[in-house]
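Let me begin by presenting the structure, written as structure tokens, before commenting on it.
Chains here go by letter, A, B, C, D and E, matching the order in which they are written, and residues are numbered from 1 within each.
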Amino acid sequence: QDYKVGMLLPYSGVYAALGKDIDEGFVLALEEAGMADQVEIIREDTEVKPPVGLAKARKLVLEDQVDVLVGPVSSGVLGAVRDFVDQTKTPIIVANAGNDEATGENCTPYIVRVSFSNSQVNRPMGQWMYDQGIRKVYTMAPDYAAGRQQIGAFAEAFKAAGGEIVGQEFTPFRTTQDFGPYLSAAQATEPDAVYVFYAGSEAINFVKQYDAFGLNDTATLHGSGFINSPLYVDAQGPAAVGTVASLHYIPTLDTPENKTFVEAVQKRYERTPSEYTVQGYDAGRSFVEAIKSGATDKEAIAKALPTVEYVSPRGPVSIDPATNNIVQNMYIYETVEGDDGKLTQKLIGTVENVKDPVNGCEM
Amino acid sequence: MLEVSELETGYGETRVIHGLSLNAVPGRMLAILGRNGAGKTTTLKAIMGLLPAAGGDIRFQGKSLVGTAPYDIAKHGIAYVPETRDIFPSLTVRENLMLAARMAPRDATWTLERVFEFFPRLGERLNNGGNQLSGGEQQMLAIGRALLMNPKLLILDEPTEGLAPIIVRQIHDKLAALKEDGMTMILVEQNFGFATSLADEVVIVGRGRSVWEGLSADIRADTDTQHKWLGV
Amino acid sequence: MFRQSLLKTIVILALLGGGVVYTFFTGYFGKELVIEAATLAILAISLDMVAGYGGMISLCHGAIFGIGAYTFAALTVLFGVHPLLAFAAAIVATALFGAVVGAITSRTHGIFFIMATLAFGQMAYVTIFESRTLGGDDGLAGVPRLDLSAIGIDLMNSTNFALFAIAALALVYVIAAFVLRSGFGRTLVGIHVNEARMKAVGLTVWHYKAAAFGISGALAGLGGAIAAQQTMFVSPELLVWMVSGTVLMVVIFGGIGTLVGPAVGAVVWVFLKHEISSITVHWHMIAGAVLIITIVAGGRGLYGQIEYMIENRRAKQKQPDETNVSPLAQERETHA
Amino acid sequence: MVTDWSYWAVQTLNGLQLSMLLFLLSVGLTVIFGLLHFVNLAHGALYGLGAYIGISAAAATGSYWAGFAAAPIVVALTGMLLYLGLMKRMRQAGPMNQVLVTLGLIFVFVDVFRLIWGDLAIGTAAPAIFSGRSDVFGVVYPTYRLFIIALGAIVMAALALVLSRTQLGAMIRAGVDNDQMAACLGVNVERIFFIVFCVGCALAGLAGAVAVPVFSAHPDMGTEILISTLIVVVVGGMGSLRGAVAGSFLVGFAQTFGAVLVPEVASLLIYALLAGVLVFRPTGLFPARA
Amino acid sequence: MLEARDLNKAFGSLVVTKDVSFSLEKGERRVVLGPNGAGKTTLFNLLVGELKPNSGSVRMGGEDLTSLSVAARARRGLARSYQKNNLFGALTVRENLALAVATARGAAGWLARDTLADPEIAKGVADAAAQVGLTDALDAKVDAVSYGVRRQLEVGIALSTGPRVLLMDEPTSGVGPGMIQAFHTLLHTLPRELTILIIEHDMDLAFDVADRITVLNYGEVVFEGTPDETRASPMVREIYLGEWDAHA
């Protein structure tokens, strides 16, 4: 085996499912390229805890001598390992963590992000929603870095477009289960729409309660696409129908690349891919491309990664050399009930080649 | 009614009772005397099944109690007034009593009313918490509680401890009355006069063994034994 | 009452010595584990001081540990304070925090004390989590390590840092043992066993509780400051209540109220956890099962069980019932 | 802020609803904890189990009520096994060991959940009759939440009756004070404690099943809820039903109105409340006597 | 030396202490008698500060103690033994006494020295133990000694703080004749300047050691006088004594 890859993912804890999908996507990419047996994968569990994540990153690099790190899911962990990968000149292919700084003021040649940045996912929605005639929006998100960035980017764009933010609420992260009080407050401001960022179980609770309080009748729920990710949209049930959100990938994209991908995932893992599966896949794919371009050691891989460019299941992707963040399409979709009665994503808008501003990044 | 033979027991490792025997005869009162630390309370605990008998036998109405659970022993009709009284602090006086009365038959000889005649003081404290009683009141409650179980055998560990002389006197008379009723009793006492003026038989415990047995009349006369084993 | 028995001395020395030897023979991650174990042991010992001997089962020691780490990190990263100063400051800060919590909670007992301390711990956690200046949930990166190059030691070298951590552990144990075998330590146990009577003989109990908690806090803070230097990064995760829970678990697991036990517990825990998690992601389940079994089996914790059995044998050697018989009774009988 | 009275009415209902959920959750804990002096940290995990059972049963039968019935029973049975296998042994082992064992149990449960139901959060819908919203005196409010409020009230009343009015209540408290003496009065303490423990578990299971249409079920839910329940129990004062009630309302309303009126410090609020109460009332608001 | 002025205490509606006033001379030996529930222990609790009176004041050596904490009063030399044993159960007799001695001598906070190893304190412990006849039991665990021994220790702890005023609540309850004898002796050997207030149901002891006797009933002082006057008082006999010597 010629290469060592260190998977720095949550295999336990709240994001375990995300880690699993990313891992699967990555493996799929290697197999597709027929490189599975050239690459040794070493998996370490971050437990979604930054200190643990950093310790594990240290182990992977210093002890296992991996050529490249893949992960993490949590922005916190990425922030924790940033200096370390920079000092040890170890390329890390970010497969989820969305914090803007990682490809902004804290960017480094060794962090290459193939997933998304928190603001990248949300910024396009500002103009788009305004164009749909929405004027008054109430926003909500968990009170932590990712939450504030995702909402911040949207709010900025929406206001720039001429819309009004009638209210903004940041709910205590992971300790809020009952959104009732916040929903009643939102309802009282009579907005045209509510825009949110929630992920995981919070997303499920939120969507169900949003519906229970009847807000769906008065204000359509909009948000960052994680709100009803295919991973758990079923758990939200009918309550999710009608939600409009933007994300860098939906499994229903009608492109040849995606079709083959979905089939491959179906065949290999017997389920539809989620955005996380794709993020894992593209992490693997970009790694493969880098190798193909002749990169052998850490340094070379780090150099090669930003140059990769190909058509991913999520559409054409490339890495912006100015920030090392991915340039990709944003898909605006509505959650609808499919013919088989299961919930699915209906594409209603595409914003192409969304690219983050440099915001303070110097390589 | 209750025969203890060659009883061996103690606390975990430490053996405290080494072969003690006694016999409570129906309708009579047996007094267990002995110095502090002689092993009187330990013996009673063993009888109630609170301590395991490491050797010997305990028979109640011919049936062995060894290995029987305390609550079963109680149901056999043995009531116990511990030296520490053990009133339930989080139960009111009434609840403490009701707990004992709950298994009593309809025609029970002992009823709440009768207990209040016995100890008017308790009647006045019905709603005090068990932890809101004076030392003496706790003693009265402990006895009243035992009586409400309408036991066949009543075991009292130092019932006069901490009681005003006038109450001691009363209790003396009440116990005498109980004897009249034909209640079988085992009485552990430090108060030699009190005990011997009530009991029919006396067992003296010393160093975990029965060192003297006989009628209370005899022990009252036998000053040497009194001095040797009771320090009177 | 605390006694630095021969057994304690042997075991703690073996533990420290073993750590040193292991450090020289293990790879990079092994050293990381040594450091992790050492800091956890420091925290566990500081907790055992108040919990095992003072009866103050704290559920905020994780938070105190974290405050130590954050004080060091914030001062060095945000204000460029010299690491040595920051180190001292961390200890002072946690001592104060401990003393204040100890004083405020001094009237509560048992589970209520546990929960009161939890409250303060969580308040610290939430405050830091939501503080933008302290980096919120992202934490603070770029934490420096102490610079001991003056005495020719480079702490960036992980072997040296591991040895440094072990030395700190040794120091903490000595301090704790010293405090516990002092008059103050005796008083602490007295309060534990019967607080009311201590008052009745003239002790202003809350002063001593606060002081004890302060000392314990300082030790925990020291551990925290070291942890911050190990990862060179701090995040609110350090303060979350589960950390306190885990430490408490480690203490009981090793043997609460034995001072050495918690250290043993910490070491076993860290390495056990590592071993199991390298086998399965379901290491929680295994670890949980192991815990349950050890407790159901012994109930006194790993080291606690051993110490108990040995002490017992000694106790049995000097004939038992002597002590049990009332002396007055004896005296009377002899001249009867 | 909003002046419309119906807005505050709705927020009050929100507070009420949360309080009742907390009550259902914590009352089991308080009963076990306060009465048996048994520190059952695994209570939260049992709540989680209830939630999962609720979902699975509903999914299997297509009826919410199947879950509603199954959850308490299954959890009670689990509690039984736990009690006979572990807790019984631990009763004499002292609080510290209990903390440890039940902490260990949490770990085990979390992974068992992951193995059986996966890492992902899952949920189920409210029963048809209670879905949608109802109009109470001009205030429109989710029907299911009204159902939770009612259920909580019923359980409250039932328990109050049993504990204070019945012989059983007295026997339980006596057994707690001094099991040896209780035994000497013919009380089979072991059996009573066993019953209490199972009832406590059943209530946790019920809470889980009831909560799940509002919240989702995920492996860590038990651990997440544990703290709030402990706070409720402790603020109220342990072992007393009144305590559990008072605690639930305090925490429930503090959280609801904290979120509305002072969102900046909302997450600090319950801890401040906890600390505050304990500083001035070191044994909670309504401690069981003694 | 010790003075109570119009002390009042009620638990809810139940008045347990009613306008209780008395004062002890330095070195006086006073016995408090009274039926069970008369309020004797409560009175002690008020004197040492474990209960706060609804009204009235407590003074010692001219100083008003009413607002002081239990500990503060103890440090001023007001010691008390309990009717219901209140000991350091898990510890040995020696450790029990050492804690009391150390606290009384302000050594409780020593960080550099060990109070269990300190000769001064050891001496204090030895003396106290000798006084109450515990010398041979010093190394026994309190949990494992019989009730009688615990009663001795109960008094021993109070004594070992070297008090100026000593309150003892039924020190001889539950102990055998032998020990009661020993207790007589103890009381006579205690320094004469030590002021002592005893609650006692053992009349021989009471009448033997008391300079004066105070009788409480339903929380009120119903009688105060010398032992002989007390014996003679028909009222005391009626409410308390009965024919107490009936079976001595």
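The working rule: a contact is a pair of C-beta atoms (placed from the backbone, for glycine too) under 8 Å apart; a residue touches a chain by one contact, two chains touch by 3 or more.
Only a predicted model underlies this, so the values are computations on that prediction, with no experimental measurement involved.
**Student:** Please give the intersection of the contact partners of chain A with those of chain C.
**Tutor:** For chain A paired with chain C, the chains in contact with each are D, in label order.
**Student:** Would you mind naming the chains that touch chain B and likewise touch chain C?
**Tutor:** D, E
**Student:** Looking only at C-beta pairs in contact, point me to the busier pair out of B-D and A-D.
**Tutor:** A-D
**Student:** Relative to chain B, which chain's C-alpha centre is the most remote?
**Tutor:** The most remote chain is A.
**Student:** Tell me which chain's centre, taken as the mean of its C-alpha atoms, is farthest from chain D.
**Tutor:** E
**Student:** Taking each chain's centre as the mean of its CA atoms, how far is chain B from chain E in angstrom?
**Tutor:** So the centre of chain B lies 29 Å away from the centre of chain E.
**Student:** I'd like the Å distance between the centres of chain C and chain D, where a centre is the mean of that chain's Cα atoms.
**Tutor:** So the centre of chain C lies 32 Å away from the centre of chain D.
**Student:** Just how far, in Å, is the C-alpha centre of chain E from the one of chain C?
**Tutor:** 41
**Student:** State, to the nearest whole Å, the distance from the C-alpha centre of chain A to the C-alpha centre of chain B.
**Tutor:** 77
**Student:** Give the residues of chain C that touch two or more other chains, as numbers and ranges in rising order.
**Tutor:** Expected reply: 130, 282, 284, 324-326, 328-329, 332.
**Student:** Provide the list of chain B residues touching at least two other chains, using ranges where the numbers run on.
**Tutor:** 14, 35-37, 231
**Student:** Got the chain E residues that touch at least 2 other chains?
**Tutor:** Residues 144-146, 148-149, 176, 178-179 of chain E touch two or more partner chains.
**Student:** Tell me, which parts of chain C touch chain D in their complex?
**Tutor:** Going through chain C, the ones touching chain D are 57, 104-105, 107-112, 115-116, 118-120, 122-123, 126-127, 130, 241-242, 245, 248-249, 252-253, 256, 282, 284-285, 287-292, 295-296, 299.
**Student:** Touching residues of chain B toward chain D in the complex: what are they?
**Tutor:** Residue positions touching the partner: 48-50, 69-71, 74-75, 79-80, 82, 86, 88-91, 95-96, 98-100, 102-103, 129-131, 145, 149.
**Student:** Show which residues of chain D lie in contact with chain A when the two form their complex.
**Tutor:** 2, 4, 7, 10-11, 14-15, 17-18, 21, 114, 118-126, 133, 140, 142, 144-145, 213-216, 218, 220-221, 224-225, 255-257, 259-260, 263, 266-267
**Student:** If we count contacts the way the header does, which residues on chain A are in touch with chain D in the complex?
**Tutor:** That would be residues 12-14, 16-17, 20, 143, 169-172, 174-178, 180-182, 184-185, 188, 200-201, 204-205, 208-209, 212-214, 231-232, 235-239 of chain A.
**Student:** Help me check something: in the complex, which residues belonging to chain C touch chain E?
**Tutor:** 1, 178-179, 181-187, 189-190, 193-194, 196-205, 208, 211, 323-332
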